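Each of the next two complexes has chain A plus one other chain: chain B in the first, chain C in the second.
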Partner chain A sequence: MASIDASDVHKLVVACDAGMGSSVMLASTLKKQLKGMPVTVEHTPVDRIPSDADLILVHQGLADRARATGPERVVVPFQLFIGDPAVASVVATLKNGGRIDG
Partner chain B sequence: MADVALTELLSPGSIRVDAAAQDWETAVRQVGAILVESGAVTGGYVDLMLERERSVSTFLGEGVAIPHGTLAGRELVLRDALCFVRYPQGVDWHGDDVRVCIGIAAQGNGHVPILAQLAEVLMEPDRADALRRAASPEAVLAILTPEEEPVS
Partner chain C sequence: MTAYTPVVEGTGFKAAVQRLGGYLAGMVMPNIGAFIAWGIITALFIPTGWLPNAKYAALVSPIIKYLLPVLIGYTGGRLVHGQRGAVIGTVATMGVVVGAEVPMLLGAMIVGPLAAYILKRSDALLAGRVKVGFEMLVDNFSLGILGAGIAVLGVWVIGPVINHATDTLGHGVKYLLEHHLLALSSILIEPAKVLFLNNAINHGVLGPLGVAEAAKHGKSILFMLESNPGPGLGILTAYFFFGPRRLRPTVPAAAIIHFLGGIHEIYFPYVLMKPRLILAAIAGGASGIAVFSATGVGLVATPSPGSIFAYMAETARGNYFGVLLGIAVSAAVSFGVGSMLLGLGRKEAEEPSTEDLAEAQQRSADNKASSKVAAASAAPASAAPAAAS
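Our next item is the complex of A and B:
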């Protein structure tokens, strides 16, 4: 299973199927939470995740599709678009340091 | 700020504050019909909204779902638009209780500030409650108007 050190995360991508709804919501929330940190946050359809994405957050139901885009990629699945503990844990690790497991 | 941009995307005519549906599928069809009527999408988009809902629910929490099409559905979008449908009696959404649907049709990112505002609202229980109780288009628009962001 891939993992990455928080200090190596420069681009975080929130992926969903169409990239017009749920991923937009989560990305906007994350942008606010990570404001002032050297991490850019983008949202994209799951089939168009950019190659330089260091960390990918994706809805549980789409995690396999996200992993299929590259086995070495760190993919963190979540279930709730608002208040998901997996997302909160990623934010905390990005802020405080440590490793993030995909 | 941009009230004009807000009502261009979410026009008062695309806001229903007293709808009812016996299940999520009916609700998605109602939401889709409003997007079709307002000229935002072609009819085929509604089928893709249903498809998306079957694969991954668009339920967000706090009684709100945001039905929208799949990636293929983007090509059926004629104009970026949102609609708002309130279900005072609630709709069973794969086991979740949905009181508000915000339908999305988008090719670009013009709607992002409104969704960002929605995320803010839903993180505060009092404001989320106000959104679920909004009984007029004016009340809905007041809650979803993006707040002024300090220029960074």
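Our next item is the complex of A and C:
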């Protein structure tokens, strides 16, 4: 069970199957929400998540593939591309501090 | 794993299929822009196009026969073995392209990565054994010799085999079309789609076959089997009126992103949360295909993303009525069936329909550090879609 402290998150990666559609959309939403925070937000295909990613957001249906890229990585799965409580919780924790469990 | 991360069923197999499919799609999707350029040129300048012009139409054949397969072979090779893989992928692709009668997209998807894999093994074998100063010589000639060999093998064996396979698949599609059975493909396509195999199916399988058909007839129905935005729109609309109340506010933004933006992934969660809605997607998809097939319409290239705008831009000349009708019918059918399956909103109270979502919310309540802020931040999170759309 990997987890990470909010202050250690420097790179957040949103992953989807191709890294061209839904992940771009969610990443641009998160970029706006995390504006001014010392966190880079990137989007990639789920099979090519960069090794320096501290926190990975991925749809539940692709979570196993994201976890397969490294067992120690913090992968937060979500269900909805809009208004998902898991995503909202991550944003809140990043802003206010605390631990994020993957 | 906690309640927060619900176990996905059949994980190993599903993930493996997704990965293979993602791989196939990964060779095609970065190059979709080139396919669209080809589609535009074709739609404009071929004899049945908007501005028939023999001089510009001369672009059509070399692009589809050489450029697009080579691009795919390049991308496939690069996925396996970086820039060297990309280079040998293009050389190998030329082998299957030359002498083939059909556009060799499937061939490129096989030999590009295969050649790169062979080079990767050879590079690993040679690593550390090359004398100082001879690295460049060995690197260039190992790639050159292997590439030449694979290209010759491509012309000789691989090309004809793939040519035959593409032909056989094409005949199979023709048979299904002639017997009005193509609509049945929705039974496979729609469930696979919401399991995130959408790109694999559309770009990995249907697209390459569609391009082969479009090169011959100027258009193909195969581009529309997976990418029709109608069924998703119908399901989202049904959700808006009859879905769980808590989710309804998210639906309009999702519908815009889906139908206009063409990101179909956005409606998959709504189906996954109420799996019986897959029947609505199948019914809508099948009726759409039935209309496309009955009116004999097609697109000139892969509409990617599957947005209504991409559809309108790539509809073959004179096919607008059938295409629009098919999309409208599939949306209406999915909406009708979906509304029924959602019990027209009545059963909602008895059903713990959003278990997973509730679990997720439960988890964020447990997370002491952020419990209060999570609730407070629900507002900015739901405001975000407006920005995204």
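Keep this in mind: the second predicted complex is superposed on the first by the 102 of 102 C-alpha atoms of A that agree within 3 Å, B and C clash if a C-alpha of one lies under 4 Å from a C-alpha of the other, contacts with A are read in each partner's own complex, and residues count from 1 in each chain.
In this text, contacts are C-beta pairs under 8 Å (C-beta built on N, C-alpha and C of every residue); 3 or more make two chains touch, one makes a residue touch a chain.
Here the structure is a predicted model, which is why all the values come from computation and not from measurement.
Student: If you stack the two complexes on chain A, which partner ends up touching A:Pro45: first (chain B), second (chain C), both, or neither?
Tutor: In the superposition, A:Pro45 touches chain B and chain C alike.
Student: Count the residues of chain A touched by chain B and by chain C, then name the partner with the higher count.
Tutor: C
Student: With the two structures laid over each other on chain A, which partner does A:Ala68 touch: chain B (first), chain C (second), both, or neither?
Tutor: The answer is second: A:Ala68 touches chain C but not chain B.
Student: Considering only touches as defined above, state whether A:His59 meets chain B (first), chain C (second), both or neither.
Tutor: A:His59 sits against chain B and chain C alike.
Student: Does chain B (first) or chain C (second) touch A:Thr93, or do both, or does neither?
Tutor: Touch partner of A:Thr93: chain C, not chain B.
Student: For A:Ile82, is the partner it touches chain B (first), chain C (second), both, or none of the two (neither)?
Tutor: A:Ile82: touches chain B and chain C.
Student: Would you please give the residues of chain A that touch chain B in one complex and also touch chain C in the other complex?
Tutor: Overlap of chain B and chain C footprints on chain A: residues 16-18, 20-22, 25-26, 28-29, 32, 45, 47, 59, 61-62, 80-83.
Student: Please name which positions on chain B make contact with chain A in the complex.
Tutor: Touching chain A: residues 52, 55-56, 58, 60-62, 66, 68-71, 73-74, 104, 106-107, 109, 111-112, 115-116, 118-119, 122-123, 152 of chain B.
Student: For chain C, which residues are in contact with chain A within the complex?
Tutor: Residue list for chain C touching chain A: 1-2, 4-6, 8, 11-12, 14-15, 18-19, 22-23, 25-26, 29-30, 195-196, 198-200, 247, 249-250, 253-254, 257, 261-263, 265-266, 268-269, 272-273, 305, 356-357, 360-361, 363-364, 367-370, 373-374, 376-378, 380-382, 384-385, 387-388.
Student: Along chain A, where are the residues that touch chain C in the complex?
Tutor: Those in contact with chain C are residues 1, 16-18, 20-22, 25-26, 28-29, 32-33, 45-47, 59-65, 68, 77-89, 91-93, 95-99, 101-102.
Student: Considering the complex alone, what residue numbers of chain A touch chain B?
Tutor: Of all residues in chain A, those touching chain B are 16-22, 24-26, 28-29, 32, 35, 45, 47, 59, 61-62, 80-83.
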